[in-house]
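Across the two complexes that follow, chain A remains constant while its partner is chain B and subsequently chain C.
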Partner chain A sequence: MRIPRILCAVAATAVLSSCSAAPVSDNAPTSEVPGYLAVADEAVTSGGTLDLQMTVDNGAATGLDPQLADVATSWQLMSLVYETLVTVGPDFSIEPGLAESWDNPSPTEYVFHLRKGVTFSNGRAMTADDVVGSFERLLAGQGVWKTQIGPVEKVSKVDDRTVSVTLSSPYQPFLASLANVPAAVLPIKEIEDGSVDITREMLGTGPFVVKSHRQDVSWQFTRRDGYWAQGKPSADTVNIAIAGQEQARMAALQNGSADLVMLGNVDAPELLNGVRGTAVGTQATTDFYYLMLNSNAPGGKFDDPRVRQAINIAMDRRAIADSALGGLGKPTGVTPAGLPGSCDPAQVPSAKAGLDRARQLLREAGAENLTFELAAYSTAPAPAVAQVIQQNLQRIGITVNIEQLDEGSWSGKVYGEVPATFDAALSWFAGYADAAMVGKWWNPEQAGFNVGFMEPNAELNTAIDKAIATPAGPERDTALQQLCDAVDTDAQMIPLVTRPALIGYRSDALSPTLYATEGYGNVLRGIADFRLLTK
Partner chain B sequence: MRLFTWWLRRALSAVVTLFLVSILIFAASRLMPGGFAEVVLGPFATPEQKAEVAAKYGLDESIVVQYWLWLTTALTGDFGISMISGEPVTTEFGLRLPVTAQLTLFGVVAAILIGVPLGVLTAVRAGGRRGGAALGRLASGLGVSVPEFVLGSIVVFLFSRYALGLTVGGYVPFGEDPGGNLRSMLLPAAVLSVFVVAVTARTTRDAVLNVLVEPYITAAIARGESPGSIVVRHVLRNASIPVVTVLTTVTAYLLGGAVIIEYLFNLPGVGTYIVQAVGRRDYAVVQAGVLLAAVVFIVMNMLTDAAAGVLDPRFGSAAKGRKR
Partner chain C sequence: MTGWRKADWLTRSGLVCLAVLVLVTVVGTVFGIGGDPDAMVGPRLAPPGGEFLLGTDELGRSMLPRLFEGIGTTLLLSTVAVLVTAVLATLLGVAAGYYGGWLGEVVLRLVEVLYSFPTIVLAILVAAVVGPGQTATMCSIVLITIPLMTRVVRAAAVTVSERDYVTSAVISGAGWPRILVRHLLPNLSGTIAVQGTYALSVGILVEGGLSFLGFGVQPPQSSLGALIQQGSTYLLTAPWLVIVPGIVLIVAVLAINVFGDGLRDGLEPREARSLV
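== the complex of A and B ==
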């Protein structure tokens, strides 16, 4: 059969055009400003509609109350409306927020001077009473963040624009903990007189107000008049679509129906490389994966610390970061990599021991040929992380059976029973904005969620307390390294690698401000500055 | 009178089926590992918070009491509150049903306008020398065989590169922006239609081929009737029952939520809503959603029977109890 010439010509053209469709350029955003992936171009005229797509909606079982929000998605969405006394800069320094300055007359005293001209979106001026009331409400409530803001003993109004906070003992992460949404300043007057139900509607001092919300479908925010920061926000409207399917988000980015999308696939930068007009940024985060070994596991599999230590030694964090996270994660100890003062994961005891030592520990514990089940949820890239762990442990004769579960089944298995009945499980923590904060979750009496599978360790608790109490400086660095060592030796919850956040945006339509590293998972931290190029 | 008795028996059978479905779905939702509190309140929830949620939604009662309360309130049209949004389940479904109904409408219209003529055409040309019939069979075979997620993924990929004015995701209600709505619904509807059209075409083809070998068709040919007249006057009506059955079954399936299509194209329809609810153990939504799907199937089956009686009097006679 002869092939018509015209078909040959078409085929040749297709081949040539596909060859010429090589990457136009590497589409990773580059910023010359240290600490930023991208900085919005202020020369661009304000206005326009910003279309975003996120993976999941606010976890709404606790409603819209920011003090009960305990996941990064909620923090992101709520940060459009609520603001905090202080905020964190790209280098994790503490910067002014609703407080324009503060004094720290002693290690246990903080005096905040509130910014002038701040109003809630109903027009009422924010006062010191709102700040005091917000603290009191947080401390009296059930939100997890009251553990993170530390040993607050007394909060008092000095005058209409000054608030004093006294701690019962020094607590270095105090300011960093105030920089997250659960510590936002709420409209206490309206909450108390019942004119606002804060669990069902949002009323804050932030740059946007909620125009509409359909749970799990969409949000629409509009710029609010009277926002205290001159000329902000830039966008008139922010539409956020909740799009669970990665492929649909990537398609929306490619065809221009979304200006910015959150991506979960670590291969996204490669997949979108060369797609004209798009950029994919990898935001390092302080969030990290960790492996839970249940000290109450059936058959006492992990009640001997030597078994846990052997498993910890066999963890090849670099391999996890490279194979499961496409090289975008970083090995970490309990002080998240990337935070000032965080310990070097290569210096913890398990990193200095070899596989022979791991095998020896297993022999001593009589646990050669150990087999256990590893519960991992099915959201990428957790299954890939689990597979690398499985391969890591094969090297010391441990057989891991991966049990891949939907999130509901996984949560029930890991948190549903006390004592817990699972063997091992994989999860991740938000790493926050101070190196000692997340370490508090290694004390089950403070964290609560791990009492079913983690035995309290007095030595570890001492290290946690020391790390949070020691002021910044060389002594703190030592305390943080000691904390890492104690967690490493305890090995009931084993830190592994940081969890990157992937952000795709239309470089031909949007000029965003994005931090290079984020502590509270808030990709939208700079949204008030975002500039739309074409709308 | 016999017809009335027949319909009464069908209605009673439907009620019993729905009752059994309600027990099954209630038990299944409660037997799923992991509970609402663990899933949605998260790991840091205190025992007090979990207890508060359990008490608020009656989850602290025994399963029998929970079922009874749900059943008795459901009979009044109140299917409970979504534990995620805090809104009535009926309101939530009301918001999502238009998306699913629109997809269903597109699918069924495509099946009638494309699938039926295609099936008739491939049947009447089955013995011909031209390759049209074989091509039709191949196309319908492919349409039935290619999984929706494969075809959908290809379409998503292609249209992410070459949008041609159409959008992937970005659903907007028809009332708000008819043009935007059509741009967002056309691709998912097209993908969905491939299967629906293919299965309708195959069924139509088989039904028409079965009719074409009947003696009265031979007689019509012998009488010198034109092929077009034979198809219109003798074939279509006699071949229509299996086609109607397939169409109603497909309609019922689509109304229950075309989960994969809705998920792939990020459409906020009934299917994705139920799947999300299963994942988050939003029991009231799961129970109402599955019950809704069962009601749709049962009603569509009854309508199919009624349509069959109209199209072919022999079915009506059977329904009336006459021995054939």
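== the complex of A and C ==
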């Protein structure tokens, strides 16, 4: 009697499955404003408490100094407190921030006109001295972002509300590089007189101030009176809970204990489909996954470029995008897909070579039957990306053993030793708002963080510098394609696919402003506009 | 055959279920039924039926071969770990039971320390030290199952070592290896076998729990726990990912426990058990 019952249960499963198969998501936010997934309803009264959940709290790693912040999750949090001279609008356009306008009298000169009425959260007015001092502190400091700021030769105060920046050579992404948190304007007077320790507390011009912080548990921000933008921020309080588990964040969204959560599972729109009062937006970001092959790996596994090139050839980026990212990612070269002028990943050398060429390269390098360890985050969807990579490489006889690690352990393994001892690792970069910016990380002497596993390549460095310096136009497109080709051939860090950002929110409790695109991993870019419907 | 006839229907059912699981897994794995368990061959999250009998997972892999691999991994890891446990627990239990004294006290305190850790906390601790994977899973199962088996073996060893035939052997000058091989181990084998079956079911659950938390086998290798973990996100939209491995896990644990009960009844009748 028991066997038929089990069969019935299995049959019931099959029926249930076929009923629920291939759900079509209808909970995606719809905005009629171009460039936005959602726009906050300004008719809703301000006030209330906004409850968010994020995946990780990186504060402990680099402290609270924004100039040292080197990961997107830190930038996201710090953007509630710190602001930059310029910011990024929808479709990656550069928009006014703390500078209400700027002039560009020559390719190497920028003049910023500062906004009136901007104060730090201690009430002191922001001045041109703060801007000049922030530049000088960034350029003299150890933060990795100084690499992105470019060849700044001189920063000078013209008057209390005007600052002039002179570059030693043309640098196309200069404005885009100023749009990120590490380039924020800091309270230099307080830093210099020692009344503020910027590594332990946050004091900025932004819409919120920190009320409390428990590492890896929560942040609480409160609304700042005297913020320069009239009527902003809308929320009185922002509570951010750190919830590492995807299911926990999804459950919090479902039961209403969170108004907005960051999601990693690419099937989140379908999983939350039909859950009353929820919406899931998918931002097309310029962030992208890349595969690191350690040139210093034990046994010299990847010191021969032919081995790295063979691995690059075997990467089926379309399969990664479709299988691991559910079609939400796009194949990309080092210039992030979606940015103006970015190269066509189908035109790079590895995309034109076949698997036979990959096998031949392995034979020539004496690396047939290669086996290596691939360290990947345990955060979705990284494990799925790693498994598709494993399948890709199996086609050319390479065995990959995946090691899933939490983000802290992963960072320790990859960046903890110089020279690094891991074989290969999977990670992602924010792709920023200019196609050449992220390419600077392919020069380990400038980037620094990858000096333990990457050897400098003179040809590649030349291509990076050329792409960075060439002004927009056909010449730049050519330079960007050459940069893609050089990175592709070097193959120490192999660009794969863009990484979508999924944002779940309670549409019955929150009216958010969400961009359709994002370059700096900052989902909370419009948080000052968020309106709470029920609190 | 005599044992089979003497066994009750519940014990027989347990044994049959276990045999079927093992047979299906071996046949499915050896003959590659359903294809390569790691190959992404179909559409993502396809429901059961047609080309994919048990559907596909979130990477488009057929669930049938992944289930075969999962059962095999879980049973193999648990069995190997329990065999290691049996050897270690027998050595420790006999040493503590036969020699007693300070050695017995040390062994008992050691297993009590291990026993004081909650199961899953101990497993996570091991995974943190050894690193996630098969080794961590096996070490965890051994450390979790060893205290109970050691204590039971020790208790049985104390009883057996006080029997007249052991005393006679000692008086007649038999060395400890002879006493161990001729008198202690044969009389402890039933206890060890019964405890082994219980440890096996605990091992399967530990493997499932550890893999569910992401500390067990690493992708793309599947195990019952890993399959349930991967499918748990899709419980409402693709329930086949969880239900089938879940049922198999329940059946395996139930069958082993039922078989273990029967084995105990056969090898240690109530009157004999009362002596231990």
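The working rule: the second predicted complex is superposed on the first by the 497 of 535 C-alpha atoms of A that agree within 3 Å, B and C clash if a C-alpha of one lies under 4 Å from a C-alpha of the other, contacts with A are read in each partner's own complex, and residues count from 1 in each chain.
Convention: a residue touches a chain if its C-beta (ideal position, glycine included) is under 8 Å from a C-beta of that chain, and two chains touch if they have at least 3 such contacts.
Since the structure is predicted, the reported quantities are computational estimates derived from the model, not experimental observations.
*Asks:* Does chain B (first) or chain C (second) touch A:Gln404, or do both, or does neither?
*Replies:* Second partner only, chain C.
*Asks:* What is the contact status of A:Val144 with respect to chain B (first) and chain C (second): first, second, both, or neither?
*Replies:* It touches chain B, and chain C stays clear.
*Asks:* Quick one: classify A:Lys154 as touching chain B (first), chain C (second), both or neither.
*Replies:* Neither partner.
*Asks:* So, does A:Lys352 touch the first partner chain B, the second partner chain C, both, or neither?
*Replies:* Touch status of A:Lys352: no partner.
*Asks:* By residue count, is chain A touched more by chain B or by chain C?
*Replies:* Counting contacted residues of chain A, the larger count belongs to B.
*Asks:* Just chain B (first), just chain C (second), both, or neither: which does A:Gln387 touch?
*Replies:* second
*Asks:* For A:Ala243, using the defined touch cut-off, is the partner it touches chain B, chain C, both, or neither? Pick first, second, both or neither.
*Replies:* first
*Asks:* Jot down the residues of chain A that show up as touching in both complexes, chain B in one and chain C in the other.
*Replies:* 247, 250, 405
*Asks:* Given the complex with chain A, which residues does chain C contribute to the contact?
*Replies:* The contact residues of chain C facing chain A are 38-40, 44-49, 55, 58-60, 131-133, 214, 218-220, 232-234, 236-240, 243-244, 247.
*Asks:* Once bound in the complex, which stretches of chain A touch chain B?
*Replies:* My answer: residues 51, 53, 59-63, 70-71, 142, 144, 200, 214-217, 241, 243-245, 247-258, 275, 405-416, 447-449.
*Asks:* For chain A, which residues count as touching chain C in their complex?
*Replies:* Against chain C, the touching part of chain A is residues 6, 9-10, 13-14, 16-18, 20-23, 246-247, 250, 265, 267, 270-271, 273, 319, 323-324, 326, 378, 383-384, 386-388, 390-391, 394, 401-405.
*Asks:* Note which residues of chain B are touching chain A in the complex, please.
*Replies:* Going by the criterion above, the answer is residues 32-36, 38-46, 48-49, 53, 82-87, 92, 95, 153, 156-157, 159-161, 163, 167-170, 263-266, 268, 272-273, 276, 278-281.
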